[in-house]
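What follows is a pair of complexes built around chain A, which joins chain B in one and chain C in the other.
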Partner chain A sequence: MKVLLLLLFISVSFLQAKNYAVIVRSDAPFEQIKSNDLKNIFLLKRRFIGDQKIIPINLLSNNELRVHFEKNIIKMSRKKLNSFWVKQHFRGISPPTTQASYQSVLKFVTNVQGAVGYVPSSLVNENVKVIYEF
Partner chain B sequence: MASLIKRIIIFLTISFELIASDLGSYELGHGYKFNSLLTIGSYLSTEYEVAKDERSFTLDDIALLAYGEVMPNLTYLAELEAVKFYKYDFKNGIDETNDAFHIERLYFNYRFSDNLVARIGKQITPIGYWNLEPINVLRDTSSNPYYSKYLFPKFLTGVDFSGYTSDSYQTTYHLFAQKNEDLDETYINIPNEHFFGASLEHELNDEISFGGSIGQFKTNSQETFEYIQLNAKYDDTTFALSSEFMLRNGGLDSQKDENTYGGYLQALYHYTPQHTFVSRYEHFYDKSVINKDQLFLLGYSYRPIFPVSFKMEYQWHELKDQNKFLSSFSVLF
Partner chain C sequence: MSFKFKTIIFFLLISLIPYALTMLMFGSSFRDEQKNNVEKELKTQLNMTLSRINQNLQTLQNDLKFMAKSEVMADIYTSDLDRRISRLLLNKKNDLNIIGNFYLVDQEQTIIASSDFSYISKKFNFNSTYSTKVLSPFDNKPIANLHVYYDLKNLTKYFSNSENRHYYVVDKNGKNLFQPKEYKESILIQSTLSSIDNVKIVLIEDKAHAYRLLKKYQFWFVVTLFIGALFIILMAIYFASNLIKPLKHLSSTANKITQTQDYSVQVPIERSDEIGHLGKSFNTMIKGINGAMGEVKDLNEEIEATQREVVFTMGAIGESRSKETGNHVKRVAEYSKLLALYYGLSEEEAEMLKQASPMHDIGKVAIPDAILNKPGKFTDEEFEYMKKHAKLGFDMLNSSNRPLLKAAAIVAHEHHEKYNGKGYPRGLRANEIHIYGRITAVADVFDALGSDRCYKKAWDDEKIFDLFRKERGEHFDPKLVDIFFKHLDDFLEIRNKFKDLI
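This part shows the complex of A and B:
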C-alpha cells in the first residue's frame, strides 16, 4: 500500500512539474507575477510594471515552447491569436519581438532591462530571475 | 482609365512583391516591419452590388498605412485612403474613378502609463465595436449597419486620453475632445468643429464584454446633437453575438423634439474558422436622413486565412426598394 501511495505521489509530482520559467533580468524591480499579468503583457495590453517599461520576447512561431506558452498562459488558439494581431496591425500595433533560440532569449533578457522571456527552467542562470513557472 | 489601371497595378505589384520576397519578417495581415520606427501595411476591398436600380462593381477602399515608435512611449500612425477608387455601373455602362488619396488617420500616441495614453491627431472615434474595426476585411459582412454611418462622426481630429482604470486590465476609458476643423474632411461622414465625448468598455472575461458612450457634437451647419450609446458582445469562438445601440437628440429646431436612434443585433456562427454564417437585424430612425428602416440580413464569409475575406449577403429592407445582394473580396496586407 505504501509503495502504491509513493508511486501515486511521484506520478502526481511528475505531472505537476513546472519545466519552464518566465524570466527577467536579475536586478529587475519586480518579483513574482500572475499568469493573467503575463497574458496581458504578451498581448501588449500591459506595458508597465510599476515605472518599468516591459518588453515581452517571444520565441519563433513554430517553436514548441511558444506553442505551449500560448496554450497555457495566453490561452488562445493560434488562429484566434493570429486574428487578434491582424486587428492590432490595423490599430498600429505589432506583435512582440521574437528571438530564434533559448540562448538568444537569455541574452536579450540579460542585456535589456524590462525584457520578459520564457525558457526551459534548466537554462536559468544567475543573470536572470524567475518570475513565473509553468 | 489607363493611368488608373497603371496605378492599381503599381499598388498590387508593391504589395505582392512584399509578400513574395523573402523578407523574413513579413506575414500577410501583419504588415512589413522594417524596424521599430516603421511598419507599413495596406488593404483593399472590392464589392459587387445588385439592387433594384443598380448593378455595380467597385474597387471600394485602397489604403496605405505606416506606423512605428519614434522614441520610447511615443508612437505614430499614418493612413492614406482612396474610397470608391474605381466603380463600374453595369446598367448604364459607366465607370467612375477616384484616385485621390486622403488622410484617413494621422496621429501620435504618448503612453505615460497603462492608465494614461494621450493621442493627438485625426483618429477613429472610440465608440463601441463596429467603429473601431471599420474596414471590410475586419468585418463579418460587406455592409456597414446604419448605426455606424449616420449617428455620430466616425473620425475625430483632436485629443483622446485613454487607459485602463485598474490593475485588473479589464476596464478601459476614453475621454476625447475636438474644437477645431477636421484634418481632412473628404471621407468624414459628419464634418464638425466641436465634438466631446467619453466611453467605457469592460471585459468581463475572454467571452463577454460591454460598454457605453456619451457625447456631444456640433455639425458645420451648426446643429448640435447629444448621444448615448450602449454595446455588448459575447464571443466563444464558435458562436458570437454582438449588439450596439445609440439614441441621439438635438438637431434643427424643427427636429429637436424627435429622437434619432439606431442599432443592430448580429449573430455569427463559425462552422469552422474559415466558414462563417452571419445574420443581422437593424433598426434605424432619423427624420433628417432616410426616415425609418428595418432590415434583416443573412450572409456568409469565407476566410482561407484571416486577413483574406470573401463575403456575400442579402438584405431584406422594410423599405422594399432597398433590398440588395452584396458580395466582396478584401485583403489586409
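This part shows the complex of A and C:
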C-alpha cells in the first residue's frame, strides 16, 4: 500500500513536471528547441528552422493541454492571445491550424514534414521525435 | 346554258375565288402564328426552368470550390481522423438538400471523407458530376480532389408538371428518365443542360391541349368562311337576276304579244340606263305596230262590211225582180243562221250561211218578167223555165273562188232540192243535198208560206206547221224540222222583228 502510494506520488509529480512533449516528424532536420523559439513558432513570428518551413499545430481552444501549453510556453492569457490574433488577422495572418484530437495531431505531424505539435508524452511513438518537453 | 346561269358563274368566279384565297391565306397565317406562339411559350417555359437549374448547379459548383479552400481541408493530412471534413460535407449536403454525395478523394483514389460516412476509406471508382482540386494550405500543391455526385433525380424538383404538359430528362446515353406518361400526339421542345454534360431537358405538351384554342378558332373560322361564301352566292344570284330581269320582261312580253296578238301591252321600265332604253325602244316599236294593226283592222272591217252589203244587195236584186218584199231575204238569212247553229255548225259557218242565203234566188234575174211576175198558176212549160233559176244562180256564183260566194252558189243550186229526192234541178236525196241547201229550203219555205205573194195569200201558222209535220222526211230534213219545232219561239221572234210593212 505504501509502495502503491509512493508510486502514485512519484508518477503524479513526474507528470506535473514533464508530462507533455512537443513533437516533429522523426526525420526532421532539427533536434532540440528552446521554449522561446517554440513561443515564436506558435505565434507565427518564426516560420523556418534552417531551411525547413515550420507548420505549428494547435489543439482546439477548449482543450486542457492547449490551455496548459499557452500558460507555460507562450505565457500569454487567452484574452491577450485573442487580441494578438485579431491584430494579426488584419495583417493577413491566421492562427495555426488546429486538430481535434491527440491522435490527429500525431498523424498530422507524422504525415507533414515541418509540422510541430504537442501531445501527452505517453503517446510518443517511433514516427515522431521529441524536441521539447514540459 | 342560260345567260343568267353564265352571269352567276362569272360573278362567283371573280368574287368567290379571291375571297376564298384571301380567307385561306389569312387562316393559314393565323394558324402558323398560333403554332409559333405555342412553341414560343413552351420554349420560354423550358428556358426559365433551365436557367433555374443552371443557377442552382452553379451554386453547387461554387460551394464545392469554397469547401475545397476551407481550412478544415488541412485534415486531409490526418486522413480526416476527426471526421471534421465529413461532417462539413454532410452539413453542406443537408443544406443544399440534394440527392447525391460529396467525396474527398486522396491521390491514391481512396475516399478520405464523404457526406455518406460508409464510403470512408473505400476506393473511389465511380463517376462524379463535378470535381475540384484541393490544394495544400501550406505549399499550394494538390493533395486531394473533392467530388460531388449530383443525381439527375434532383432535376425533377424544378419541373412543374401538369396533366397535359411535363418535363423529362434525357441522359447522356439517350435514355428517357422521369417521364410520367406519353401522349398520342405531342409537341416537344428540348434543350441541352449547359451545366451537366450531355444531359437534355425535354418539355413535352399534349398536342390536343396545346392547340385547343386553335381548334376553337378553326371552327368559327370555317363557319365565317361559309357564311361569307353564302353571302357572295346570294349576291351573285341577286345581281344576275336583276341584270336579266329587263331582258326577261322583253322576251315574255314578246311571247305574250305573239300569243294574244294584243299589241297594246307595254314593257315595265325600271331603269334609266342602256337596258332601260332598250325597253323604251321596244315599247315604241310595239306602239307603232299597234297603230298600224288598228288601221289594218279598220280597213278589213270596211272591206267586210262592203262585201256584206254587196252580197245583200245582190240578194235584194233577185228579190226585187220577183216583187217580193225586201225583208224576206233578211228573215231567211236569220232563220238559216239559227238552224245552222242548232244543227251544230260552227259560228263562222253559220255566219257565212247567213250572208250567203240572201242570194238563193239570184238566178231569178235571168227569168223573164212575164213568167216571174205572172199572177196565178204557171203552165208546165213556164214552171220548167222557172226551175232554171237554181242552175242559173249556181252558174253565176260558182265561178268565184271566194268561200262566201261558193257557199252562196251551193245555196242557190240546192235550195229547191227535196229530202225524198223529188226536188229540182238535180233530184238529190237526203244527205246528198248540202246542209246549206237543206237549211235554206226550210227557211225559204217557212217564210214564203207565211207571206203574201202575188199568186197566193199568207198561210195561217197552224196550216204551215201541219205542212212541216207532213213534209218531215219528205220535203225537209227531219232533223231540221225537229229543231224548228223545238225552237219555234226563236223563229217566230225573228219573223216578228223583220215583219213586212205594208
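Just so it is clear, the second predicted complex is superposed on the first by the 118 of 134 C-alpha atoms of A that agree within 3 Å, B and C clash if a C-alpha of one lies under 4 Å from a C-alpha of the other, contacts with A are read in each partner's own complex, and residues count from 1 in each chain.
Methods note: contacts are C-beta pairs under 8 Å (C-beta built on N, C-alpha and C of every residue); 3 or more make two chains touch, one makes a residue touch a chain.
Computed from a predicted structure; not experimentally measured.
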**OP:** Would you mind checking which one, chain B or chain C, touches more residues on chain A?
**Re:** B
Subject >> First, second, both or neither for A:Val119, with chain B first and chain C second >> reply: neither
Original post:
Looking at the overlay, what does A:Asn111 touch: chain B (first), chain C (second), both, or neither?
Top reply: second
**OP:** Could you tell me if A:Ile74 is touching chain B, chain C, both of them or neither one (first, second, both, neither)?
**Re:** neither
Original post:
Should A:Trp85 be classified as contacting the first partner (chain B), the second (chain C), both, or neither?
Top reply: first
**OP:** Kindly classify A:Lys53 by the partners it touches after superposition: chain B alone (first), chain C alone (second), both, or neither?
**Re:** both
**OP:** Applying the touch criterion given at the start, work out whether A:Ala100 contacts chain B, chain C, both or neither, answering first, second, both or neither.
**Re:** second
**OP:** Check whether A:Lys45 is in contact with chain B, with chain C, with both or with neither, and answer first, second, both or neither.
**Re:** first
Original post:
If you lay the two complexes on top of each other, which residues of chain A touch chain B in one and chain C in the other?
Top reply: 53, 94
**OP:** Would you tell me which residues of chain B are touching chain A in their complex?
**Re:** 29-31, 33, 39, 41, 43, 65, 67, 72-73, 75-77, 111, 113-114, 132-133, 135, 138, 164, 169, 206, 237, 273, 305-307, 332
Original post:
Where on chain C is chain A touching in the complex?
Top reply: 71, 74-75, 77-79, 81-82, 84, 137-139
Original post:
In their shared complex, at which residues does chain A touch chain B?
Top reply: 40, 45-48, 53, 75, 77, 79-80, 82-83, 85-87, 89-95
Original post:
Hey, which residues of chain A end up touching chain C in the complex?
Top reply: 53, 55, 94, 97, 99-101, 103-104, 107-108, 111-112, 114-115
